[in-house]
Amino acid sequence: MKLGLAAAFLGATLLAGTASAADKRWDGADDLPVNPLACSAGEANAAPAAKLYDGGKPTNAPDKAGKPITLVDVPKLIGIGYFNATSKGMQDAAKALGNVTVKTDGPTEAKIDEQIKFIDNYITSGVDGILFAANDPVAIAPVLKKALSKGIHVVGYDANSTPDAREWFVNQAEFNGIAKAMIDSMAKEAGEDKGFAIVTSTFTTPNQARWIAEMWAYAQKCHPKLKWLETVEAQEDNNLSFNQATTLINKHGDKLAGLFGMTSVATPASAEAVTKAKLCGKIAVVGLATPNAMKPYVNADCVKSVVLWNPVDLGYAATYVMRAVVDGSLKPGATSVEAGKLGKLNVVNGSEILLGSPFVFTKQNIKDFDF
Amino acid sequence: MSEIPLAQAAKRVIPWWLLRHETMLALILLIALIGLGGMNSRFLTLDNLLNQGRLTTEVGLIALPMTFIIITGGIDLSVGSIVGLCAILLGYSWKTFGFPLPLAIGFSLLVGAAAGFLNGIVITKVKVPPLIMTIATLALYRGLAEGISQARSVRGYPEWFYFVGQENLLGVPAQLWLLLIAIVVSAVVLDRTTFGRTLYAIGNNETAARFSGLPVDRVKLIIYTLSGLMAGLSACVLVSRVTTTRSDMGIGYELDVIAAVVLGGTSIFGGVGTIWGTVVGIAMIQLLKNGLALTGVKGDATIVVIGTVLILSTLVASSLQRRREGV
Amino acid sequence: MTAMTLAGVGTDPRRRLKVLASQEALLAIAVIGLAIAVGLNNPRFLAARNLSDVLLGNAYIAVAAVGMSMVIVSGNIDISVGALIGVLATISGTLAVNGAPIVVAWLAALVAGVVVMAFQGVIIAYLRIPAIVVTLGMLSILKGGLISVTGGKWITDLPDSFHLADIELFGLLPFPVFLMILVTILAALWMRYSASGRAIYAVGGNAEAARLCGISQPRTIVMVFALHGLFAGAAALLYATQLRVIQSTVPPNLELTIITASVVGGVSILGGVGTVVGSTFAAVLIAEIASALVFIDVSPYWIRAVQGVLILVTVIADILRRRRMAGA
Amino acid sequence: MTTDPHRDASAAPLLSVRAIEKSFPGVRALSGVSFEAARGEVHALLGENGAGKSTLIKIISGVFPPDRGEVLVDGKLVDLARPDDARRAGIATIYQELLLFPELTVAENIFMGHAPRAGLRRIDWRAMREKTNALLASLEIHDLQADRIVGSLSVGNRQRVEILRALSQDARILIMDEPTAALTEYDVTRLFDIVRKLKARGVAVIYISHRLDEIFAIADRVTVLRDGAHVATRRVAETDAAGLVQLMVGRKIESLFPKVTVPIGEPVLEVTELERQPLTRSVSLTVRAGEIVGLAGLVGSGRSELAQTIFGVTPAESGETRIGGQRVDIRSPAQARSLGVAYVPEDRGTQGLVRPMTVRENFSLAALGKVAIGGFIDRGAERRLAGDGVRRFAVKTSSLEQIAGKLSGGNQQKIVLGKWLANGPKLLILDEPTRGIDVGAKAEIHRLMGELAAQGLAILMISSELPEVLGMSDRVLVMREGRIVAEFSREEATQESVGAAMMGSHENAEKAA
């Protein structure tokens, strides 16, 4: 046992040697360029060059225009509030459309090979369309292409795959838009020149990694005095997130004026950590989260604003997009699509449909949402 | 009780019983297949069945050496973590060290074998019980995979690498050939060779095996190393199928694999089991999952079914075995 | 593990030295040593607030490890406990949200824990199926069942009074830490001073000898599992009330952390040896390491590797010790 | 516990066992055994292995119920359904394989299951220690401490812990199953001291042994069992060794073992100063082709350890081994096998036979190389091998696919023997070759040994049964405490001379008495 402890200490010392590397991980983990938005809303953004449709196409899809269709929704994982909300949106849309049946099924942990097996099974069972939120944009591509090759329509939402593996992707909000909303809120609530830290799921989770990269770029560009203290990982684990946030608070003390929660798990856990530390008002918590989990903190004035698109709308939109694709009303080259109560949604970036700007929940409006 | 009473109702003999158990299992599988097939016409198609074979190859490759290990009365819980470690080292050595891909594949297989060898050497030399040794390396190997990769993925392998994971060879998924060859080789080794006989002897009475001049420690070392090696192979097949290396690959495989082996009639106490049983076990789990999914049962409910089937089948198998031994 | 090094030959038992050489003492030294080492690097680590937070956030692991230690001492193992904690947290939370009296919601977790674990104990002890298979199956059943039933819906809007973890005794001792200490002490006393507590050691150490001493192995195993369920229930309450939301999913890898705490705490996987004090210290040490890694800027991804090395070295040391003892 | 009203408690013997019958599937273990033991009596149970002694004491101690018959304590019928019942009736048993908790202390081992309690029914550790010290003092044991961990004790001390455990439960009837089997001479003397003290207190001791000298040293009466039946009960003072042996084996020694004289050839095994601590100390011996060398000694004298060192299970630390004149360094049983060494171990159930495997598989286990081509087993060759073995050794089995563990002990032993002979060894080491098998099978194995020697095989035979050693061996070596202490030619070897060498000397044997 003495040996064990000695080894543990030795190990810890060795690891400490490799430590500094952990700080430089804001490249999105996908080698894509960042594109920070302009600092103030009034400033015009350089309009991105119109991009040609780069999605895929199903082979010999049966013509089901106007006919009832059966869809399956395979989110990253089931059993978290966020995907319960998207699933609800899909049911709402199905009811509104009347001729769509949609079922949500997926892995209980966010594991890509499990997700692939689910999709594969549904390809066999013969659905008309697949809605997905990818655990891994590249790994999921082969099975989606297989679906396309069997004449099944494929539409992504929340987390994209490589473009050619699906037809359309419903983008909840552009990465740089989220990044801007987050950083601007933080600068406003914590202060322009204060330090902040981030609790994320993992450094490589596609969406989170991109957001952090965009946040990094945007902060450099527009809020250069903000001090980026640290980013820690907490997977999608409530208690780990709480412990990590608490540790950050204790580690940085007064230097820490703000915490970002990058997932709907990490944000409430960070808020709880701040509450438990009795530092409400001293440490700002800004993050992506679902309203129900955040209500106690928003109502207690511990958290001022929660950034999120409305995931119910996201699911709703994805279903409408799928219907439009099947009906042939959304074709490559289109610039917008009609999405029921959401109105007209714009096509961006070749084959993506933008849900809109990020939604900010505050004390005033948060009680109106239940998901 | 060391003195088991002498010859009694000695009608039951091993081969008969084994045959019986597997026949029973296969029969249940058949009934389940027909039932599920009746409920969904797409279930019993060649396409679907072959595809299920593709999806289950990774677990299947590991289940074969696991059968050997469990027959000797051991267990290897670290296989899932070895898959993760090998997948990471495959990608890492290719991308970061700049190994040519074939070399990287060789390297990752080597790492798998080394990981298994470490299990084996500690189990045989220090005499740490396999359960606890492999719980420790379950954490250790996964930790190494996560630590080395910092959970970053590796992508963009050359196109030829995806052949094994995604293409067909003679109309059958390419990796399924690997699995089929591995099954036949393992079955022959277990059933027909002195090596296989030694495994049974160790599982039934390790001391007597040792006293009969059988190379007990060497054989154990070989099977744990083999288990690591096959986990490495499984990692390569998996990466080839999903085109990406991630450090969370293989999480939970150990449970799937052990469930399949135990379901296939291999006794967790050692001494009893066959490759054919394991094959039926693998098929049963995969087709049950698939069949239930196709008939509209959701994934979470399927997990419940698998857990229940596992406990019940062990219950039946162990009571059969007890009756056979007349205890 | 009471006598690491000095189960000496023919000498008088030097009890004081033995106490110092015990696994518990070594772990306590490690806990303090690590704190000082990291504290030198960043004094904030030693702040009372941080140390108490380390305990607060991980007390549930220590509480569950107490039960796990009993199970392992009795010669068994349980890999379903993580899933069970998830299920119990959900049961308790659902009752609380739907207006059941808070005490009922709390008790429900404890009772359900006892029932599920005792059921597994019965299968293991009376039907003689190895614990690893039974708990493996149960892990699947609980995990799948939880999501099937809840649909994975998070539980929010929990009444404030539900939050056990928020209670601070005497205004400074957080309830989870109090419970961790209380459970550890009670369990330690029970295992040392009650006949049934000693029966666990007897059954794990030599089942045949225990039988001849009039100790029923099956009954002892069922009792151990029932108690383990009780502690899992308590752990689930801490887990559920730590945050304002209950996730309704199975906490990943929790069972592994709990088993690690037990084994590193000196509970021998071969059965018959170990104390719950050791496992609690070990749980604290593991939590402390996780926190320390953040303080010294190491990615938490290394924590699992550290855990693995810790188990490995502890187990090998244990085996070598036994071998030396048998040779003496 | 039920009371039999027709008994007068005061006149009844302390323990009375009546007409016990017990069958296991396929074998009758006990048929109508009765005996009695009075207060302060040491009553020996004598019989060869397999005579039913163990079964009998397991019934008396409640491990399993008899089919028929009854056990009375103080004249009252007791129902012994579980070990606990026996304990409550005042019966305690010390088994051969000591049943202790190695990780716990002496005090706790003694009081497991009936620890002294204090308030709140908590275990009173201080009282437990004090009581332990009192027990130790009452038996004048001064080198054992209540706080020692049992795993670190010597075998003799562990046995004392078991005796103390029995006394701590106020046992009035103490059953000791071959208590001296693993003891050193010194420990045996001390054990006898303790037994005498118990006797003086009025405890009835049921003493199981097949060592005549011990019985003469300690017992008052002796009951002899043979093949599960009660043969006779005698006062020890009124009988002698030859008489008891005759009762045990049922015939004269002379007729039991075939004596075959064959020409002795070249040395097959020569070991010089072989060393493996703790129980093989500087052993030198030679076994020649066609020779049967008997290795006598008490259990625990290091005979099996020596055999296992030669066979490579526990490789030698130093010394020289030659097989057929070639110097070899045997590190594993596999290597020993390839050098033509065969070892039929003492414990058939755990070391010799793979019980759940078939007769065929057991027969080929040590000769897999013979029936395999390039690692592949030739099923036909294997069946022929096993079939030949079954015929040659007259194994009574329904088929080659019979589970070996279901055969009788004698047939199992023939398989273990046959397994090794299939390999065509040059040297055969037999460790208790006839332990626990019936007389018929025993004779067959003896006949076979003679035949094998005649064919030029060198045989080293370990046996605890002196008549067997004397009857079979061309030469007798005697081991004590890891050394070879005496060598006798066939002519020199007698019960007395060999027995004395085993015990150390005549004087020591007398002193023990």
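Labels A, B, C and D are assigned to the chains in the order they are written; within every chain, residues are numbered from 1.
To be clear about the criterion, contacts are C-beta pairs under 8 Å (C-beta built on N, C-alpha and C of every residue); 3 or more make two chains touch, one makes a residue touch a chain.
Everything numeric here is computed off the predicted structure, so don't read it as measured data.
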Chain pair, C-D or B-C, that carries the greater number of C-beta contacts:
B-C
CA centroid of chain A to CA centroid of chain D, Å:
73
Separation of chain B from chain D, taking each centre as the mean of its C-alpha atoms, in whole Å:
43
Where chain B and chain C are represented by their mean Cα positions, the distance between them in whole Å:
30
When you check chain A against every other chain, which residues touch at least two of them?
15, 22, 78, 108-109, 233
Where does chain D touch two or more other chains at once, residue-wise?
none
Could you list which residues of chain C touch at least two other chains?
143-144, 146-147, 299, 301-302, 305-306, 309
So which chains actually touch one another? I want all the pairs, not just one.
A-B, A-C, B-C, B-D, C-D
In the complex of these two chains, what residues of chain D are touching chain B?
24-27, 54, 311, 313, 332-334, 336-338, 343, 345, 349-358, 361, 364-366, 368-369, 372, 375-377, 398-399, 401-403, 405-409, 419
Using the touch definition from the top, list the residues of chain A that touch chain C in their complex.
1-5, 7-9, 11-12, 15-16, 18-20, 22-23, 78-81, 83-84, 108-109, 230, 232-235, 237-239, 242-244, 246-248, 250-253, 265, 268-269, 272, 276-277, 290, 292-293, 295-297
Chain C partner contacts - residues on chain D that touch it in the complex:
61, 63, 82-84, 87, 93, 99-104, 108, 112-115, 117, 121-123, 125, 143, 145, 147-149, 151-152
Once bound in the complex, which stretches of chain A touch chain B?
15, 21-22, 25, 29, 78, 105-109, 111-113, 116-118, 120-122, 124-126, 136, 138-139, 141-142, 202-204, 233
Can you check the complex and tell me which residues of chain C touch chain B?
77, 123, 127-130, 132-134, 136-141, 143-148, 256, 259-260, 263, 269-270, 299, 301-309, 311-312, 315-316, 319-320, 323
